[in-house]
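Shared chain: chain A. Partners: chain B in the first complex, chain C in the second.
So, the complex of A and B:
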């Protein structure tokens, strides 16, 4: 049997993706750098939308018995804010960073599956549009909270189409996330440059590898929950309908079975950024590479066994509560190892406070605050007291804003020169940093207090009780400062794209491979990748007389 | 690593898919075992009263057999026997289609008895679990058909093909999932 020519041979050459900046070359791009930047643009746009939603809520809550917005819209706002920030801001930011940097850091030409990479991105964007579509229709967006507890999110209780679109949207972003997780794993396994063993890849890559496993194995749990919820809503199935014997609590188990690993999907890549920024600006290698990797793997594994700490208020019974309390507290150990590793890396180093380093330092402090309130929440009785109060809101924002977002800003200030060839303005950057730090703490620090005083979350207004009004007002002022600092950041991007200092290949004198490429890197990334001998290839190139020991993890102490 | 990247992609994809199925299977098992809110208490149809484990058992054997034939196909690919590869792919497709036919008649019979996805928890969990499995079989069949067409057109001369090898992995996965589903739904009912 010979090959049957179904289609006649053509002599036209394949259309080449030119170096021009046309819009189509972006939309059709399968280049990991362009996709990474598109992730960045999409995430930043959704960040502005989600931030605007938060500001509207804060204005409504600035004084008691306010009626700036009505309760229906308020419910939609907090639901959309949460969903947007988790699935359309932090995840795309972090996945996009990974997509841009992983191939460069391991000395590869591109991801293992460039087309799959593009698909992941566009499916996430499509999910975002699906989520926001009902906002412009009669029925309004989803208003059942970002975790869509059943039976509220079921048909008889939520007849509008919001929750249906919510589930479809998250299914889209979920498929995209699984695909990028698997793509990352295979890229890291198969495409490392000669000599780049798993003991020599940058910590950023290691932590993204762990994250990618979480993406590949935790997101399908959510997907299963979403399809069953959709079956309930569309085909009148009975999964979560108590009236026909279904269990509303089952949804909570499925959702948090995904939801807790998700917490680490949002925060491990943030750790990854910090692991790159802190050593470079302390001028010392990371203290304890092995500890950092080991603790990340421990966190990744433990993440699957602690979902019940989101359900202490359900009444699971003493044995379950005890188990979930203890298991959750256990996670504080590997997390603590990381904190101490960063501090030890800074210890005795020549610290240079560029904006990236300021954000990284602030990250460590804010994340410790969020982590401490998190460990407190691991005790079931404390949850009973504080559940559904503003204390929870404060906690999650210290972890996800003070944690993930601060790390993302550190990453942006650090890698922006690589992406664009120009430095972000340090003067505007410092202005951005201080305003954001003040605004953030003003907004959320006082929410701890108002939570302890008993103010419930997700209420559109509150009565004029002692201290509630001024604490809320402070929070709103903080939110406005925060919003203003984001405007400064966006101004900095546009300003620096035109007027920023030319960066050169390695403006920070960093040691990982991405700084060997030109800024911005050419389509093929590297003309030639040197053979890798240690975890700091650029150090070895710069100091051929005293290269790193091949597997030197702790050289920081001795050098 | 020596494993070809496309096969690796399929392996991780299937590992990820198994998490999806584990949730659906656990959901079925949860409602099956909590009798207070489970199937029997409603007095409606159950797996015991409405399903035929022998008839579906035969279709189960057919699916297992198709896993065997696709393995023979991969063996022929490795030994570069191209016409045998085409033959085994064809047999696999026929067996897979037979299994789907069995599923279809099962569903049709139940719907005629007025057992639907919205009737009660048994209907809900049964149709969801078998439905998502059936969907995976259908996707597998489509991919096998594409491979078969390409093979007829002269592709896959061996000894290696990432396409054939990863789709056969997928097909084994669908088979294994079905063995679990069959055990949980049909065998657990008679026990």
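So, the complex of A and C:
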């Protein structure tokens, strides 16, 4: 009788991360750079899907009483568009950017918890699949709006499974986001290079640290709310059902308690990108590092106390409206500090307008437009006309597209050489930039006006009222231009991956540590990390005779 | 149709909000203009000249300047806040008034129409709010199902109709006319067709309208209309609608007692003409997808009879 081995003997070792180029090395990777790139790919894919949803809506709204799309599908489209862009596009883009760059910027080999990092990414992807699954089933995707107001999202009014999948999907992405936040915080606190005090970390890392606290403390509010909503939908718990003694308004408090910090989760990392791009292309240090950090912390703290401005039309009384008006308006102060700081950083510099800098400059203006209309919403009486109209649609897109997405594009043009070793084509990039700038403003500038003329958001069709028709048509044309510019961008990626100029370690002559590593960086990032003496270590290496300010909180100094 | 606009106010409340809006536009416009000019100027003036590879003077900040641009936005915000609080008080009824006064009008939101009660006179109507010019109407807003939102930009603030949480607002119009509005909080499939209009009359005309609404139209016994009134009972119309002076007392759908006096049907979906009414009866969902009114599969004769009956309800 022959001996049968208990365990089959392995003749060759299992593939290990970084050893070969196969798909498994990506799927099984715990390397922060690979995970960062996978975040990017996932976000870009969902960006295309979400953009397509938006285009379909714009076609339906191009003329009054149009019948291109029925309301059932239209309601699914705007709900999925909002959810996708917030949770599966902007968040993964920004978190992915952080995951890729934080260890490189602080001179670390990886995140503090590499496996947790991989888990965060994969639950976000799983959440995305869960969200889209009911689209292909008979019940259809969720159709109750991206903030899923109760009782509309409750069983008696939404019998399909869409909202249940929506809640489960966001619970998944939410768990991933909380883990990312915690991972970032611990990485930044514990893995900094020797000599890199908290006053010497790049502003990008500072702003991501603030964002990570928001992730870790705001997302659990949403998660709790989603579980409660699921209890209502599956077990008939009636937390949010007024007909059975629940409260419709409770959900709004929970959702916006998360939702407003979420706005800063989507915007602070955008600020972080701009804080890197503007100084490097203006050839100046940031004008007032201390004020930049301080204003970010102020925004992070205020973010938790302003959710009520989403609820001014609910009718919650004078004390509620007064407090939330004041608190929301106060956010304008630290935000203004940031805008002025960027402008002052450009002043007196020698500005090189690469595509990244063009996006960053456009960001400043677009974000000011979104920020100013945001201040209007902080004034409760103005919300009593403008909320839930197309004016608010214009506002959020100036903040999240003109703001976050423009910053993300600036970041992609800036860091793509680091990720791939090749430059994105500047010529195609400029084409992309101008078309996107025109398309974006054409789409959303006029939505301010159609909102002031009384058009509510989330209507699948509208009557033929004066000016509504041509304003909507212009908006649709703008959306098509915008869509075309995205195609150019995607073409640029594929083109430049093959034919792009070889980047070298530091193509922009930048100053933070990631540019010390090879492009793309090896698995271990650095062979050796120099001792850090300032917030601009590569400046110090290049200019030993004129080193950077050792403590960047000191301001008022000129060299 | 007149242009509807936030900046075309026709009530003291809407005026107060529009004034704040103009103040906001002036502030925001000035700031935006300054920033656009600054950024454009800097982009031109401080752009890198080709071949100039020398690093510029390194400026790390200026504490005084930074304190100045922290304080200036603070002052602007303070002014805006004070103006906002003053506007809030102007626009809303005080809590003392809400406690003491009986509302002049109660609006109840339904998926997807507006139920209207005038408690002082007992008038019941739907989707078209008649008010006398120059009278401050205290309005109570409720919802029977999901959250809706009252928005008629020219005559009142926007306010939600929340189930289990009644709200109050002032409704007033300075000039007679028709003011268009619609539900502004997404409330389900037919949200886009939940429109409403405020029709403001001079007091005398309003009194005539109110008297007309209290009149109970006689039920026709003969002819097409008489046939229609029978069909109204047999075809289950009365399971959802009510008509004063008959056995139909249900409140699921709009009260039809004076349907013929209204300008639209289906909450502003179609103009109220006999032809449109016939089309609507044959296929409500064809005009208002998602409408809860079923297609009763009526024959042409039946439709004509019911239209004749409804047209007699004045």
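In this section, the second predicted complex is superposed on the first by the 536 of 559 C-alpha atoms of A that agree within 3 Å, B and C clash if a C-alpha of one lies under 4 Å from a C-alpha of the other, contacts with A are read in each partner's own complex, and residues count from 1 in each chain.
Convention: contacts are C-beta pairs under 8 Å (C-beta built on N, C-alpha and C of every residue); 3 or more make two chains touch, one makes a residue touch a chain.
These figures come from a predicted structure and were not determined experimentally.
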| item | value |
| --- | --- |
| Touching partner for A:135 - first (chain B), second (chain C), both, neither | neither |
| Residue contacts on chain A - larger count, chain B or chain C | C |
| Contacts of A:126 with chain B and chain C, given as first, second, both or neither | neither |
| Contacts of A:247 with chain B and chain C, given as first, second, both or neither | both |
| Which of chain B and chain C A:235 touches, first, second, both or neither | first |
| Chain B versus chain C as contact partner of A:459, first or second or both or neither | second |
| Which of chain B and chain C A:323 touches, first, second, both or neither | neither |
| A:221 touches, of chain B and chain C: first, second, both or neither? | first |
| Intersection of the chain A residues that touch chain B with those that touch chain C | 247 |
| Contacting residues of chain A [partner chain B, same complex] | 1-4, 6, 112-113, 116, 178, 181-182, 185-186, 189-190, 216-221, 223-225, 227-228, 231, 235-239, 244-247, 250, 254, 257 |
| Residues of chain B defined as touching chain A within the complex | 1, 5, 8-9, 12-13, 15-17, 19-21, 23-24, 27, 30-31, 37-38, 41-42, 82-83, 117-118, 120-121, 123-125, 127-128, 132, 152-155 |
| Contact set on chain A toward chain C in their complex | 70-72, 75, 143-145, 149, 151-152, 157, 242-243, 247-249, 282-291, 313-315, 317-318, 321-322, 325-326, 329-330, 332-333, 336-337, 339-341, 343-344, 346-353, 361, 364-365, 368-369, 372-373, 375-376, 379-389, 452-454, 456-463, 465-467, 543, 546, 548-549, 552, 554-559 |
| Chain A partner contacts - residues on chain C that touch it in the complex | 1-7, 14, 16-17, 20-21, 24, 28, 31-32, 35-36, 38-39, 42-43, 46-49, 52, 54-66, 69-70, 72-74, 76-77, 80-81, 83-85, 87-89, 91-92, 95, 111, 141, 145-147, 149, 151, 153, 157-160, 162-165, 167-168, 180-192, 195, 289-290 |
